[in-house]
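Chain lettering (A, B, C and D) follows the sequence in which the chains are written, and residue indices restart at 1 in each chain.
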């Protein structure tokens, strides 16, 4: 599905052109339309957006046989195991922007979030040097991490952050590989556990918000505690967050800092960038996944219910919503690519 | 709906008999079957359990004209405004067990949870004395509070508790008066705000877990921070809880303390009591509302995902599930009545 | 909600400008933004589309005091009882396009569907004459009828139709006035009855597809049998239809006739018209409400699963999907207005 | 899941004892508890009913190595392909009651429905003779067929039936093998196609309601037209049915005939039999899956909305609800076994 989202995002992209489509052996040699057609005449196209006819007749090659000389950037949306195998092959010659977790935790690999930590891209040079690659692998964070770090980044800068508690109510489309969550499991239900998710959020949050020291990242020295649950929502990860700030700040000041965050980034006018990284809402009933996930085509983190948290020193709490298959996946990856290109890094 | 749940609970009750049914003026003078019949022939009976035919022909009187001399206990399941008006009238002569919030926050009114704080019933005498009532009002806590205090009570006793963070994913049936949550509002969605709910949870938790000092309750001096959301689940409030303990304790020790909690209460063998107040599960995918809410007919608080919380000193975190219309409403109220009767207090 | 949908549709309309907003007494004197604001700071805006800021400061007048001299057309989206009262007042001076059922069954009132039966507009003159109105009332059909008549119209013309069976699976947003269907009633459920709906579909279908005889409509002399159910779907009425044709025709021929239907109408290029009135899909898993309701902004009736029905002479069966709040309500009404204006009838 | 349902049904069965448990190679050699445990400590037990601890330590054997000498009846709940392979092996020595479709369409195999067509069991002798088996295979019909034939059987007998139209709204749990329907596919949606389902319903309905001629079944010579859809409901297949009767009969007469149907069967007092095969409801809002599926533990077909169908000669239409994993699967199969045993046929 992340792969399909890439095509939706790249269909009319002003800078990037889809030069090649790679998939599993099973699809190799087919046109893209054939590759997503099932035996019974139905289609495995899963995005809300219409099937992009422009790619219908494009040939699909086996992922292992992609000619990386023919492309300038590889967008990789495979499962972690496949990523571990394929991405080094691609990166040998070509920059790889990846939604997979395979390399996120390696010392020489930054986890990049557009508008938040582009300076971490300095690690890409080290990665090339140490691994002998001409390209590199630049992974996005997990789709649950990304909204959290965007909301935390302005707090880290303005006030400092001392501890973070987060409970997520995650959408179905984040569950990854087909067939995803079974309807019988989630109808009239909450699933209180997503394997590996909490660890990913905790580690990635500290890494993304960490400080670049030469060519290494010093993770933010702040404990992060995550509880990740799945609810019966199509798209949009909802998170209830409590933060202990480094200095006292009231909800209004926090809202102002959040709303102003990333202006210099959004002012770059990158094709996939939203006009605002964070939108702070006053309506106590917001954000809601169905109502707010598509704000700015899913590229803005929507924050609401900002208030003091009396149970924590200098505590502030809020809810946030982040579109897990837009900013949290393919379109976020394309935005990252745009940023790297614009900065001359890709 | 809470009223209907009372009838389900009392239908075959070994101790209590339904002597009178009271409702709004609109229903007065009808039989109960007529009172819940709509003009088009359909029924407004909402419980999963079958309509209790035994009450079908029982006459319904206006709530304001209930003859309290004819009853030993009044179970009150009206909205808060009506409770504020009606319950004092009833309490003038008769003990009232209430699911309403109207009197929960008064100094001379205990908020009682069976198995947790029966000693607070000492306030009932003061209430009678100060208000000149022969009866009294004993409210249950909010349906979101009750599972939380049951899970916290053993921790308070065994380790002490220093702070509590809770994010709830609440069921639709907790939304109270008809028609409740609109399907359009909650389908494919999360609603991040429930008016007054967080304040109720924070205040009630401290009060229920407070210490009786003479005829007053000294609230537990612990900050409680709640974020209450609504999800598309029929029954069963799910809560993600983080607790800072007073002394270090590992998850296993916490699990043991929780699992052993309330044995002396459940050993009383009260008709509506579950065999265990808390069940602790090892399966990381549990508790789930649909799978666990009906354990022991919804009278057991189900705890899972017990683990250390690294972001807090002596932190432990867990998920819990509590059936909001069973232990959290009518059947919990009946259990409370049983306990008070058994202790000679009603 | 239909009223809100009108504003979404009219926001950037090339022909129509919103000259006045009318609502209940409760909203009169407020700006539109105030009128949809709740006491707690939340908004009652319910559409997926963003709140149209352009109307935010427009004043709202009481429906009973609308100055119809200031407008050329009234779009009416009130409940049936209000429509019976208000629409004659408006129609005394001004054409009224209505989504209400109040006047649909009167002899001098056509039930108009753009592209299907504009010739029925001849009744508007009779209506003016007989009622002494300068304007008229032109209601749309029920949101369940409209997809059915669009799909049947080409069959009536090409083959004749002898009987129609239809089972609907209707969306929540068709349930009309706030708060609509309660979540508890429809979660994990099907509701097998919608008051008056089946009668409406049966009568309206015959009327819309009827023959104009002078200034009267001779209803199509064909029995229509409807079973209308509600399912847990936001938007998009799904219908399983069986038709007995007047002459033998295979599924391919039926598909061709359907797909070609309304070309002369869509060629008019009206602002709200879809490029095709009917889209016929081959994929056996289509149409699906979530995937197909937004085709051409909800203005195309999507047909699938076309096959012979062996249980009926010259039987053919298919499934259809029609967007109940787009073609079935406000945007369909605007399209009707466009058609009437373009034909010089309004 | 059907296998698990068998254990729920057989746990406290007064006649049958579970002598052996067979499953795939993967589970062979484990205890049943081990066989349903996942690597991460969670359980694959899927029924609402509690895990039957009595079977926890029972060994699981490979299905292909089941010692049929040790059992009197085999309950088979495997997929069709496996059934085609395994059931003949079992039937060589032992009666097999099956929920699989593999043998339903063979001439010497009856499709048996308790209370409806036990006389078809005469084919079992022919089956034994022709196939040289000591046992036999007796399949149940599809879970969508069974409610339909139970509702039609009294009409066939009392009035004759000339044609049948049925649109189903089927539950998720009927989707068979894990993981079943993906939540993303069915949330806020209807799926209009279930492969092979309509053909099964059409053929099986005629066979079950057919006449035994010697040792052959003459299918009921009546066209059956089915449209089968999937909705977001856990359990309970809902069907909207139109029937052309052989002689005129009003809804009241039809209701009476339905309500009285099967008295002689239910009077047998078989352990799994409901007190009534069909319950006819007057409330126009019923049956509803959530409210009515568990009537008599899911063994009664619930009928409502009985009314004339004006579009068909002697037409009558109604809605029905049948529990697809109770009467429509394991518990229906156990009831069938009871009936065969009671009649001396097994």
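Keep in mind that, in the parts below, a residue touches a chain if its C-beta (ideal position, glycine included) is under 8 Å from a C-beta of that chain, and two chains touch if they have at least 3 such contacts.
Remember, it's a predicted structure, so these values are computed and weren't measured experimentally.
Enquirer: Any chance you could check whether A-C or A-B wins on number of contacting C-beta pairs?
Expert: So, comparing the two chain pairs, more contacts are at A-B.
Enquirer: Taking mean CA positions as centres, which chain lies farthest from chain A?
Expert: Following the centroid criterion, the farthest chain would be D.
Enquirer: So the centre of each chain is just the mean of its C-alpha atoms; given that, what is the distance between chain A and chain B in Å?
Expert: Going by mean C-alpha positions, chain A sits 41 Å from chain B.
Enquirer: When the centre of a chain is set as the mean of its C-alpha atoms, what distance in Å lies between chain A and chain D?
Expert: Using C-alpha averages as centres, the distance is 47 Å.
Enquirer: Please list all residues of chain A that touch 2 or more other chains.
Expert: 40, 187-188, 232-234, 284-286, 291
Enquirer: So in the complex, the part of chain C that touches chain B is made up of which residues?
Expert: 40, 46, 172-173, 178-188, 195, 232, 234
Enquirer: Using the touch definition up top, name the residues of chain D that touch chain B in the complex.
Expert: Residues 40-43, 48, 187-188, 282-286, 291, 294 of chain D touch chain B in their complex.
Enquirer: Touching chain B in the complex: which residues of chain A?
Expert: By the definition above, chain A touches chain B via 163-165, 167, 169, 187-193, 202, 223-225, 227, 229, 231-234, 238, 240, 242, 284-291, 304-305, 309-312, 315, 317, 319.
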